[in-house]
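So that you can tell them apart, the chains are marked A, B and C in the order they are listed, and the count of residues begins at 1 in each.
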Amino acid sequence: MTDDPLSVPYRERERSVTMEPMGADDDLHEELFTLNIGPHHPATHGVLRLLTTLEGEVVRDIKPIIGYVHTGIEKSCEDQQYWKVITFVERMDYLAYYFNASAYCMSVEKLLEIEVPDRAQYLRVIHMELNRIASHLFALATGALDLGAITMLWWGCRDRDLVLDLFEMSSGQRMHPRYIQIGGVFEDIPPGWVEKTRKFLKLMPTRLDQYEDLLDRNEIWLERLKGTGVISQERALELGVTGPLLRATGHPWDLRKAMPYSCYEQFDFDVPVGHHGDNYDRFKVRMDEMRQSIRIVEQALDGLPEGDHITTDRKVALPPRHELATSMEALIHHFKLVTEGFRVPPGEAYTAIESPRGELGCYVLADGSAKPARVHMRDPSFVNLMSLPDMARDSLIADFIACVAMLDPILGGVDR
Amino acid sequence: MEVTRTPVEPDASALRVRGLKAQQMLRGELAGKDLEEFVQERLLFTQFETAQNWARKNAIFPLGFGLACCAIEMITVIGSPRNDLARFGAEAIRFTPRQADLLILSGRVSIKMAPIIRRLYDQMLEPKWVIAMGACSSSAGMFNNYAVVQGADKFLPVDVYVPGCPPRPEALIYGIMKLQDKIMGKPDMGWRERYQAHGTEEEVEHSATSGHARVEAERRHETAGPEAPRR
Amino acid sequence: MRPRGRKPRGGNSKLPDATGLELIAQRIRTSLGDEAVTGTTYYREQATVDVAPEAVHDALEYLSRADEEPWTRLSSLHGVDYLPEEPRLGVHYQLLSMERCDRLNLRTRVGADDAHLPTVIDLFPTADFQEREVYDMFGVVFDGHPDLRRILLPEDYTGYPQRRDFPMGGEPVLFTFNEHKYPRWYD
């Protein structure tokens, strides 16, 4: 039996908010109805289970139940060398893989106190912003699919394929490319990549205009999104909500501007902010963020400095292959790094970056060995999910589906 | 079954003759040798199972089910115009298991999700197939830990395994085509032979280890709900 | 610990430096008593205040409401297992001040046998899911939490996986030297 001090059978805890009959009529017996939505349901983004308490069609309460994709990534990371952890950590928020890797690498670089070369920082920014565009496109595509605008799914996936082509060209894999490494990036970009990216950047604004033409003037879209899922700014801040959801309520908090990292202070871009905190503002904020990301990538490509793509500290980064034939020290470093990995002096660090969903923080505890003692990711979707009951209370089921669609939770990050 | 296709003659008069003949056929005016000729030109003989399998393989209804990162690539296969599944007739995604044929396990199967997937699989009607997409559902991938079921074939019979992390959309399409070949061949080959199963319940041999094995089968039946008695 | 040259780029250089951290710790001591703060750490430009477990709620209330430079947002609440150091389980409260763009970390340590901490959900509603996760993974009970039950693992799971002495689980990887020990289903 469990020695849990708080063992109450969970079915008791998950009962309806109240089962009392409502209404004084004798012939009419009403009560609140508990409906279990998920974990397998067409309108959820991943395996999210929602216990909704309904009064007719109106939602009175929601309890999100998560954990259906819990993979024990944080526990697995404690058994891997530092550079192997990157593959695990990438698969948490599986639409924003460069951000996961980047947050973790920045934490470890802070612990090691190594300098990341400028070219690597610019390449990181370019890839992260392209990933932001891809993530917002996919969020828009599946969000529109939930609301019935299926054309957006085809278009969003089509353009996301173009971004994934760029990723494949630079690193060899479409998703989870392990491109961002500790100390820089894995490889320099191949010739022709910059031209292909510029072609994509020239194409993208027209595509975004097409999406706005399709959706933004559609009566059904506007009716479903405007005024639904409203959350006030104070409540959002209390709940720790960050990212496009917070910016939709009017608060211009963006970690790229407030606490800049990785050369973001050198780029000139705006932070789109909404007014009302409803679903329509979230949609607009994401559309505008894509345009700003295009601006950032253009500036980064224009100003891409020459230099190393990874730190020259051989104790942390693998030496280039051609050195292995001539230099004994390079051979020894290569051997040590591949078999044991580098050791990190004891300490802990927390780094937060702005992922497409909000503040993504990574906490790394090092104990002096070659494996981290604790890796924890503060995932933005995990915290944003707490705002779902507030958003959806006293609204219809259809509005609450729009809330989930625009909340954009990624259950891999929620459950880790 | 050999299907030979001959190109349509671009000759306009032959087309008109065929059109007239079809008109006569519909009116019932053809008789005797004309009728026999007409029918022979348009009929092909095959086994019923072959025709049934051919129809089944070209109209697979996948269950709309996505777990983790592989689900993104699966949605890309279904939704992206570049690699799309509609070419193979499998575009009709049904979200209710009662109407679906194919369960694509895209993503890591955690211990909390496993009984739910088993229940979904049991709710699907025969014939049904399972594709384990990606490394995590085939064999837990890189997650050799407490929270992930080490391979979906621990609780589900799997027909096709598609490796990759995540597999490219082309790889998934290749896996679906392999499944189509399997359906066209002998659909009940593979796991059914291995487990000597009929339908989806498992035959348990009464042997020295039967106590343990029966407990395992019983536990599976618990999550599966009431079903046909074990043979 | 070898210094590697210049300060790494990135991160915020306006974080409270060592003296600012000492002042904050001193202010907490003045308002709550000397045993509240057990230490301060300033490492890699990140400030950490160690507090005693009983004083966590009061310290956070002071820092978020009463201090002259308040820290109004809780970014992250996470747990750490410091095995083999005692007390074993640590809980970190990562505070954020949006006005000053600063971060401050508050840390407590509790032993594994009697891991109780006061909940901070009344100060920061964002602690709801995060405290449940710390309970789920480490077994730290937060007194006063309205709905403390497992969040990521199945409800009837026993054990606290993220603790360092919990086994990793999974299957043994089969090599030629051990494959005969683990029969597979077709053997």
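The definition used in the following text is that a contact is a pair of C-beta atoms (placed from the backbone, for glycine too) under 8 Å apart; a residue touches a chain by one contact, two chains touch by 3 or more.
This one's a predicted model, so the numbers in the text were calculated from it and none came from an experiment.
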Assign the assembly's chain-to-chain touch graph to one of these shapes: line, ring, star, complete, other.
complete
Check: interface with higher C-beta contact count, B-C vs A-B, is A-B
Quick one: report the Å distance separating chain A from chain C, using the average Cα coordinate of each chain.
22
Just give me the whole-number Å value for how far the CA centre of chain B lies from that of chain C.
48
Starting from the mean Cα coordinates of chain A and chain B, work out the distance between those two points in Å.
33
Mark out which residues of chain A touch at least two other chains, giving numbers and ranges.
67, 70, 72, 75-76, 415
In chain C, the residues touching two or more other chains are 153-154, 161, 166, 168-169
Numbers and ranges of chain B residues touching at least 2 other chains
112, 143-148
Chain B contacts chain A in the complex at 64-69, 71-73, 75-76, 79-82, 95, 107-108, 110, 112-113, 116, 120, 142-148, 165-166, 168
List of chain A residues in touch with chain B within their complex
39-42, 46-47, 67-73, 75-76, 87-88, 91, 94-95, 138, 141-142, 145, 153-154, 156-158, 160-161, 174-176, 411-412, 415
Of chain C, residues touching chain B in the complex:
153-154, 161, 166-171, 173, 186
Chain C to chain A touching residues, read off their complex
1-12, 43-44, 46, 48, 72-76, 78-81, 92, 94, 98, 101, 103, 105, 124-126, 128-130, 133, 137, 141, 147-156, 158, 161-162, 164, 166, 168-169
Chain C partner contacts - residues on chain B that touch it in the complex
111-112, 140, 143-148, 150, 194
